[in-house]
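One structure, pasted below without further comment.
Per-chain residue numbering starts at 1, and chain names A, B, C, D, E and F are given in the order in which the chains are listed.
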Amino acid sequence: MNVVVRNTPRLPDAVLDGFAAFGVATVHEAQGRTGLVAPQLRPIYSGARIAGSAVTVSLAPCDNWMIHVAVEQCRAGDILVVAPTSASDAGYFGDLLACSLAARGVRGLVIDAGVRDVRDLTTMGFPVWSRFVHAQGTVKETLGSVNVPVVCGGALVSPGDVVIADDDGVCIVPRLRAAEVARACAAREDKESGVRARLKAGELGLDIYKMRERLAERGLRYIDAPLEH
Amino acid sequence: MNVVVRNTPRLPDAVLDGFAAFGVATVHEAQGRTGLVAPQLRPIYSGARIAGSAVTVSLAPCDNWMIHVAVEQCRAGDILVVAPTSASDAGYFGDLLACSLAARGVRGLVIDAGVRDVRDLTTMGFPVWSRFVHAQGTVKETLGSVNVPVVCGGALVSPGDVVIADDDGVCIVPRLRAAEVARACAAREDKESGVRARLKAGELGLDIYKMRERLAERGLRYIDAPLEH
Amino acid sequence: MNVVVRNTPRLPDAVLDGFAAFGVATVHEAQGRTGLVAPQLRPIYSGARIAGSAVTVSLAPCDNWMIHVAVEQCRAGDILVVAPTSASDAGYFGDLLACSLAARGVRGLVIDAGVRDVRDLTTMGFPVWSRFVHAQGTVKETLGSVNVPVVCGGALVSPGDVVIADDDGVCIVPRLRAAEVARACAAREDKESGVRARLKAGELGLDIYKMRERLAERGLRYIDAPLEH
Amino acid sequence: MNVVVRNTPRLPDAVLDGFAAFGVATVHEAQGRTGLVAPQLRPIYSGARIAGSAVTVSLAPCDNWMIHVAVEQCRAGDILVVAPTSASDAGYFGDLLACSLAARGVRGLVIDAGVRDVRDLTTMGFPVWSRFVHAQGTVKETLGSVNVPVVCGGALVSPGDVVIADDDGVCIVPRLRAAEVARACAAREDKESGVRARLKAGELGLDIYKMRERLAERGLRYIDAPLEH
Amino acid sequence: MNVVVRNTPRLPDAVLDGFAAFGVATVHEAQGRTGLVAPQLRPIYSGARIAGSAVTVSLAPCDNWMIHVAVEQCRAGDILVVAPTSASDAGYFGDLLACSLAARGVRGLVIDAGVRDVRDLTTMGFPVWSRFVHAQGTVKETLGSVNVPVVCGGALVSPGDVVIADDDGVCIVPRLRAAEVARACAAREDKESGVRARLKAGELGLDIYKMRERLAERGLRYIDAPLEH
Amino acid sequence: MNVVVRNTPRLPDAVLDGFAAFGVATVHEAQGRTGLVAPQLRPIYSGARIAGSAVTVSLAPCDNWMIHVAVEQCRAGDILVVAPTSASDAGYFGDLLACSLAARGVRGLVIDAGVRDVRDLTTMGFPVWSRFVHAQGTVKETLGSVNVPVVCGGALVSPGDVVIADDDGVCIVPRLRAAEVARACAAREDKESGVRARLKAGELGLDIYKMRERLAERGLRYIDAPLEH
């Protein structure tokens, strides 16, 4: 049965914006190394870093009808997450759909398939993470669903989950864990910024993290290279 | 039997230039969703958009001898299309060949294999769409053919066909269909620019394309997310 | 047995800098078409061209402990070369390790696995050639070795070997062959610059390289395209 | 937080056995073309067709500790479903673990990673669907979870779901939908066996499915090949 | 425009049967190393070796409607060759279509996509060469064409061309070249059977093919391994 | 400089035969999880398990000349290990070369590229581990070397190293470590056979390996699935 679920809950913008500042690598670590989308989904241009609430789309392979349906469910602060029910490299999304989403304040697209018009999307500043760039068109024949849980790039995404995306890829935070993960991100950043300063000053991680003893226990041996004649 | 076919017919520059303006996605749609080269062939740098007449090269794997032969057959407005007879990731093409082609007014290269010297090619502004970037050299031992039909990235290319290439990939238009396809491109662009304006103004594709009734017929159901406590 | 080999021999900076100027494609050709790392290892940003002395790291899959150990063995002019003992797409390296290496004058990283924090690495100007970009974290549980011979991207790398990396990929020159290869590079460049000038002036490679006779001997036939009516 | 969930609900053996008889292709169709695991997960030998209750394992990359933990949770009629939290081709499973599972009546293994000892597993008749065959060993250092929902080959699998696997791949049926899907399978098989008999007798699908009119409406044209002289 | 071309010319069965006896490797060599389909298309079971006349199908991705149309155009001695217009791993073909083709005397299927019901196809002895095995279903919504030239696995196939398929893959011989290629195959086999006997008797290819002199001219050096103490 | 090294040292047949009995997974573990060839190199037929002394061949891509040269250097008990200097899927090896090697007592072939005539090789019982099966022919134009160290499937192989190959893949043991590794294999097998018996009797690995305490220390929690109503 194909459904469109309306008025799914979202987190406030302030929460989402905090996640964008942390970035994918920090969020992934802070929530226990979970939530990453497959690294084959890459940004179509460098430098974008966004976070938003997931509006999810499950659609038939080579059929982008449900993306048109999903636009109406999107609000400012959302990120569209699209997953075909069978692997496909076709181009499901281009500049017209991006215009429509941008007009609604949508922050970007994550799609486990292909997109096209990437020059226009880049000029518009509409960021996309996709598995392929491909001009191959799609049809509008088969129903799918909007705002149901989907698997996108191997990650489970439910509507309203926080999507964070940057040059390192895409990470998903379950909506109900967001507050806890945000706290863990902040703690991690605090710690890292102290370490960063010491590393820049030339101190070694071996000393900062006190690794030398454990390495010796495990049996690591240091030897000098033989002299050459 | 290996042949070099000289003086293959080309279309006038004005026709080619029109295709460059339309771009790959529009041309592909306008000719009935055919002609796309495999999306694994990617540009070595972003932002180029070219169209030209195909000079085709069929060559032995890891042997670039026939590219040297093909240079002489190239004219201003051409695009070289190179396909090895067996899959290979070697680097068949670099800055010397690019200098030679550029000196003849060739607009770019499409190759179902690897290229090298990409920093020089980028500086020169000589655009290339290739499956690989690889410094691996090739030999000059085995004959191939120039200006025979080839399969490049899964697409059939005949000499004189129109090659359009941009950030979305590469599309081939058979020479004798060019006029008809150009007309279809123009019609498609007209239609799309009207739709684009309406989408930017916030109108929905669901309404513009009158999709609501057909979705309902197919049985799409809208439900509200359950309230949370 | 896991070891860290200290004080491995390096070549002088002047020799390394010469290789950076030649670039990967020239070096690869000059040493007899050997030494290339697999083309799937790509730079995280365009335009960097470096050469340095290899500090090698062999580590367990999904475990970056040995990179921390290797930092201490690095000096100005080095390039870190990292190879897991089993294929992996995890992110073994990020901005903290890059800060530490940069503080020691290390010129870059080549890794047959994934890296993260690529936006920070790009901002810092710390160049990396990797097979993946992936935020996936790693553990610090299993010993490996530093400055032992490793296979990275299919290429054998010994500590102190010259690593050259640019937009075309990565090439390895055995340390003891460096002088000989540098001479061959210079000779090749001399020859190429003369050819380049002639090609730019419109002369054909067919004539410069005297290929016409050999093509004829092999039986290449030139024919004219049939007239069309 | 890492957990082992005990005493997850299962369906009766009679239900599971019915699914094995239907096979993957029929079940996938009957539940609305959902539930397929990625086709890169292939059987290590041909001819096995099994169905069972999922015991799920989420584990760290290159670490098979949690499989040992999961064995204790398995009962006769179960199928173990294993998914690392990061892609990996290591060999997480071999003949010793298979002996242990077989001793408990487990019907097979589905793993989104590698296995080894395939000759022994084949001799034992213990069927496995895996993404890789690889002798590469794993460690036992990091906790994971047993009987939590996992994504395996892009499919969401919850403990107790029905797993069907044969030469066509692997399909997952949510436990609570099993009765409904089983009925749909039976209906589909009834219909297909009638069609099969007519097709064997030489009748055409075009007629059985009454496709000719719709093809004509869409504009399909039949023409004869030109005569050759 | 979508067409079905009827009554395309075929070669006599005796010619086809001769090609089956030669096998793919011999035919490929005998026609000048052309005509091979990409090696990613593999047989679903070992040991089949067939040749037949191509009936070609160009179809939309994830849509197998045109295979139903093509069945009617097939005769005894044919091989169906199917290519989607966009890459896809769905399962376009299963046991029902195989029953229908077998009832008409069709010898097998070559498809640049996925198939399913491979256990049934194996039991029936209906051989298939495909890029994927996948249970994923397809729709019947979009027209394509039958008996037009298609590109399948990178090879151009026209209706009536000879298709040869065995454990080494698939090779295409243009219909009008078949007589010439068959003669070249016979000549090649004659020569090879003489060489085979000499090799089995222990003679070396170096001597049979008189390679020693040319190797020496090129500068190959023979040295003995150093003695070990 | 291209060389053929003659009379490289080998280990006695009895040593080699011992390794065949242990198999790839055991040998890989026993030598500290090193030496595995990439899992993409697969056997052309199931069930073979061999060990032998490596005769190595480094050759140009798409050029099998050096295999002919290497045959003369092969003796009974050897395994040919072939690595092109650039990745290639061509078919470098077929039934004629296999006849020649079999006549000399060679036990099999490991090649990081393609082979053909797999039906004949299977009938002969000549086992091959290759990355591809492809009928694509190669030329005989460029020199390479025999019995120099090569990188094959990511593993370093020196002439005379022990090659073990079975359904799990291929493992390389350095010649000078063979005695030590053989002892470790025997010890490992002893231990495993005891464990195997206990597992078959229903004992759990959790108990045999005494894992429960360490799992608890790390914080693994056991909970019961909630009751369903």
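Please note the rule applied: a contact is a pair of C-beta atoms (placed from the backbone, for glycine too) under 8 Å apart; a residue touches a chain by one contact, two chains touch by 3 or more.
What you see is a predicted model; the values in this text were computed from it and never measured.
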Common touching chains of subunit E and subunit A: B, D
Selected pair, greater C-beta contact count between B-F and B-C: B-C
Fraction-based call for subunit B against subunit A, same above half, different below: different
Matching chain pair for A-C (criterion: over half of the contact pairs shared, by residue number), options A-E, A-B or C-D: A-B
Distance from subunit E to subunit B - Cα centre to Cα centre, in angstrom: 28
Averaged-CA centre spacing for the pair subunit E and subunit C, given as whole angstrom: 39
Per-residue multi-chain contacts in subunit E, two or more chains: 33, 36, 86-87, 89, 134, 136
Interchain contacts (touch definition) - all pairs: A-B, A-C, A-D, A-E, B-C, B-E, B-F, C-D, C-F, D-E, D-F, E-F
For the subunit B and subunit F complex, residues of the former touching the latter: 60-63, 86-90, 134, 136, 139, 141-142
Footprint of subunit D on subunit F - complex, ascending: 23-25, 28-29, 33, 36, 39, 42, 46-47, 49, 166-169, 171, 192, 195-196, 199-202, 204-206, 209, 211, 215, 218-225, 228
Residues on subunit B engaged by subunit C in the complex (per definition of touch): 1-9, 45, 65, 68-69, 71-72, 89, 91, 94-97, 99-100, 102-104, 114, 116-119, 122, 132-137, 140, 143, 147, 159
Complex contacts: residues of subunit D adjacent to subunit A: 33-34, 36, 38, 85-87, 149, 151, 154-156
